[in-house]
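Labels run A, B and C following the written order; every chain starts at residue 1.
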Amino acid sequence: ANESAEQSAPVSEDGIKLGGAIRTNYSHTSYSDGNKDRTGDFAFDIFRLNLNGSIGDVLLNAEIRFFDYMTAVKYAYVGYQFTDDWQVQAGITQVPFGNWPYNSHNWFFSTNYYIGLEDDHDLGILFKRQLSDNWQLDLGFFKNDELGGVDGYVGSRADRYSYDIVGARLPGDGIYDDPAQPLGEYNTLSGRFGYHVSQGELKTELGVSALAGGLHNGQTRAGDYHAWAVHSNSHYHNWNLQLQYTKYQYDVDNGADRMAVGAYAFYDSIAAEATSATVNLAYSMPVEWGPVTGLQFYNNYGLVYDKSDGSRDTMMNITGFSVAAGGLFTYFDLVHAKNQPFVGGSASGDSSETERRFNINIGYYF
Amino acid sequence: ANESAEQSAPVSEDGIKLGGAIRTNYSHTSYSDGNKDRTGDFAFDIFRLNLNGSIGDVLLNAEIRFFDYMTAVKYAYVGYQFTDDWQVQAGITQVPFGNWPYNSHNWFFSTNYYIGLEDDHDLGILFKRQLSDNWQLDLGFFKNDELGGVDGYVGSRADRYSYDIVGARLPGDGIYDDPAQPLGEYNTLSGRFGYHVSQGELKTELGVSALAGGLHNGQTRAGDYHAWAVHSNSHYHNWNLQLQYTKYQYDVDNGADRMAVGAYAFYDSIAAEATSATVNLAYSMPVEWGPVTGLQFYNNYGLVYDKSDGSRDTMMNITGFSVAAGGLFTYFDLVHAKNQPFVGGSASGDSSETERRFNINIGYYF
Amino acid sequence: ANESAEQSAPVSEDGIKLGGAIRTNYSHTSYSDGNKDRTGDFAFDIFRLNLNGSIGDVLLNAEIRFFDYMTAVKYAYVGYQFTDDWQVQAGITQVPFGNWPYNSHNWFFSTNYYIGLEDDHDLGILFKRQLSDNWQLDLGFFKNDELGGVDGYVGSRADRYSYDIVGARLPGDGIYDDPAQPLGEYNTLSGRFGYHVSQGELKTELGVSALAGGLHNGQTRAGDYHAWAVHSNSHYHNWNLQLQYTKYQYDVDNGADRMAVGAYAFYDSIAAEATSATVNLAYSMPVEWGPVTGLQFYNNYGLVYDKSDGSRDTMMNITGFSVAAGGLFTYFDLVHAKNQPFVGGSASGDSSETERRFNINIGYYF
């Protein structure tokens, strides 16, 4: 990368580099009397290792996360740049969908993450055309979710980083129960197209995404599912605005209107069908205050509505800022949310209460 | 690295280096209707870290493997070269036995692996005389298996990389049951001698191996066990031929004719006594196709017969090839097998069906 | 460190370095007939990874340990040197208390470790004034224990490296039971002051430590706890003498006289109130015997008495030596102990037997 033109000897860039992150987290919440009584809790979040690099033109990118309650591989893929513009990836890789790589600025992501439509990683093969002539394209075929699908040989199907459905909710099931009717997504086709336009200082990506696949109960096909989204991502000086409109549907043969999902060693539920809208605004401010080199202020808003199970909307609004200081990256988030996981609710909850969580996530990345 | 040519001082090679591997795996099998209905499954295999190197003449070699269902240390030993020819190793190290380091060319190893006689690692001390004057010798004393034996303080005795017996099967036990009568191997003596001969382009190692030790039930000695093998390993131009004939016997005082084994978070069974024969042929082909630098084609055949529990033979035949491309090493294996773990059977099964598994293991090693 | 005086360009020391340790352990004990019958056991101890360094003036220090029975983060904190003398640390960091960093020379630590008062790590913020003008000072506020306290989201509250209380023992509870009345420490203030004096070759640190915090049952405050200690740490030529006198008290509202503790995937008990005295003597001997560069001989003695639950004293005496050879550091310990965890007893046991354990811990550190 930094070679001068005079340099004739080839510089090997071969090798795999170790990186990682360590995070701890403070929270003060409206929905736990014990937490309030203790003036909040301070918890260990993750010990993360990353492996990244290339050997002989074939690249590797992998991340493993150690929590107090599970060990999970977030992604693990090999890649090869087979033309100037196209790369192929195989393994656990990110499903191309909507605003990329994140549809949010805060530590909690957007509401879409909790329905498996933001920063979702599955097992498959992905073709990525990089941005050129103002457009980019991702085409993926995902054999199954990152834990090998409905029959994956795993300790627990809930021990995963990114949300996926793990079953259909039958009448009488609790929303946090182990799934009585296991299901797994399989043979999913996924595509994402982005077109970049600019007017003076305003640069915008406009995009459309879609995915469709099957649902398997271990013996046979038990339904199918699909989702689509339109999004925009605009930068103007230090401002960033992300918009996204998303619809998804799980169509189970037995007509279930609610699905079981699993992640973070925990089973939860989502509606089988719903619509989501998100609006994310951020302002970045480079500074030089001792070790502090950057601030970002943001407001992220998301709504999941028109739920097929008749439950009330999920809403999450996060006002906060992040601080970069050396290897340290810290989020200060004030969250207000209804029926939102990690904020006192479930995406399939039916509460009319708005819960509050103040959160500080202290992360060190290298 | 930055020494000038004039510098005569010895180059310190001190330091521990991090390596590892990431693997994912595709399989299509005859024995799972669900797998066939989904046109196969794609699963995460391992996230592996290796530590290797030396500090002040004492060396370290260790490997830990993270799976979706367990975390296991494959080996972890310290070593010291106390003469030019002899090295001593202490810790979890490989039991010297038969073709070395592997009695196979494919991703599944040979049938011997599943009866604990290929790539087996236990806790002990090993003296290794390196090849010199055409002969080499390994002498080991293994205090117990890699999980501390019958009384080891572990989460599960089945959470291990290499197969060991964990109990005796009593009448009425199922072959996949948790062992009702726990046992552990202990105080095992092991030796392996190899003699190298060459005639023109043909180079052959001829070898003999033997091991013998006790079985402990937690309170007292409950039996003993032994195994022996003869092997040959020949190279002629790009061809490699491995032959091995092996016998083993677990002699439990209560006369059990079947043993419980544990590995990969799973309990299974083997006959208390059996004979094994393996034949492995391979052809290596260096190429330069884009990033691809080498191919190896192989056929590996193994048979376990004369089983003391009266069950039918275990047979496995694997035809396949491996592809080296940069850090990537991929196995394409077509397996036909009877009564074979990981191919729809148990080493103590009594099936007359031949099962089939087509498997692609995508590994990145660094 | 290796800069020449002429070098004027600043040398960046940025970057995070990977370190670690691998250990295996041999033991021969008086209290397990099975162990004696097998002439001892050899077990895997730990696979440890350390991350240490700084990026842009902010430092990181973290350690994760993989055992056969649990995965645990020992410490994980970020730090910043905000004046020449003061550093602030946030995350899982060591509670400043008594002899530092260890109140022992052997592999087992002192009896204080098992009551949570040696090498204890909790989640909080710590201000450390380094030694200057002959004094040093540590002031900490620990929000809760390293697993997030009584409501921490964890696999098991016993999966931790350093002992903490996890409950109060109710009448009828066994000393190894899962805690029926869960409790967690929270909002603990901690301080440690050390003053250094020297007379010729004799250098001594004299110190005083104290900590006090609350006990929470998940809903509300259920009591409080405190501890204090005086210590001295003297060096004279190759000799080292450590003395410490310690008192602690858990004052539960329901009057419990015994507490449940958890660590190493195991629940145990301690008296709610007790006194401890420790005396540690060591002699260091630099040598050059092949790869061996140092020996240390030691005797460590500890007594926990005046226990509130009326149980007999805990006593541990360890005579041993450690050997440094390259990356290898090996402890040879002969332990005699009464009512001591890991030596056949519980800190809340009532035995009058003295148990014996001979132990060799083979560690490789890098």
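As a convention for this text, contacts are C-beta pairs under 8 Å (C-beta built on N, C-alpha and C of every residue); 3 or more make two chains touch, one makes a residue touch a chain.
All of these numbers come straight from a predicted model, not from anything done at the bench.
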Touch-based graph of the chains, sorted into line, ring, star, complete or other: complete
Same or different: at the chain B/chain C interface, is the fraction of residue numbers used by both copies above or below half? different
Just give me the whole-number Å value for how far the CA centre of chain B lies from that of chain C. 38
Enumerate the residues of chain C that touch no fewer than two other chains. 18, 49, 71
The residues of chain C that touch chain B in their complex are 18, 20, 22, 24, 26, 32-35, 37-44, 47, 49, 66, 68-71, 265, 290-291, 293, 325-328, 362, 364, 366
Using the touch definition up top, name the residues of chain C that touch chain A in the complex. 15-16, 18, 49, 51, 53-58, 60, 62, 64, 71, 73, 76-78, 80, 90-92, 123-124, 143-144, 146-155, 159, 186-187, 214, 216, 218-221
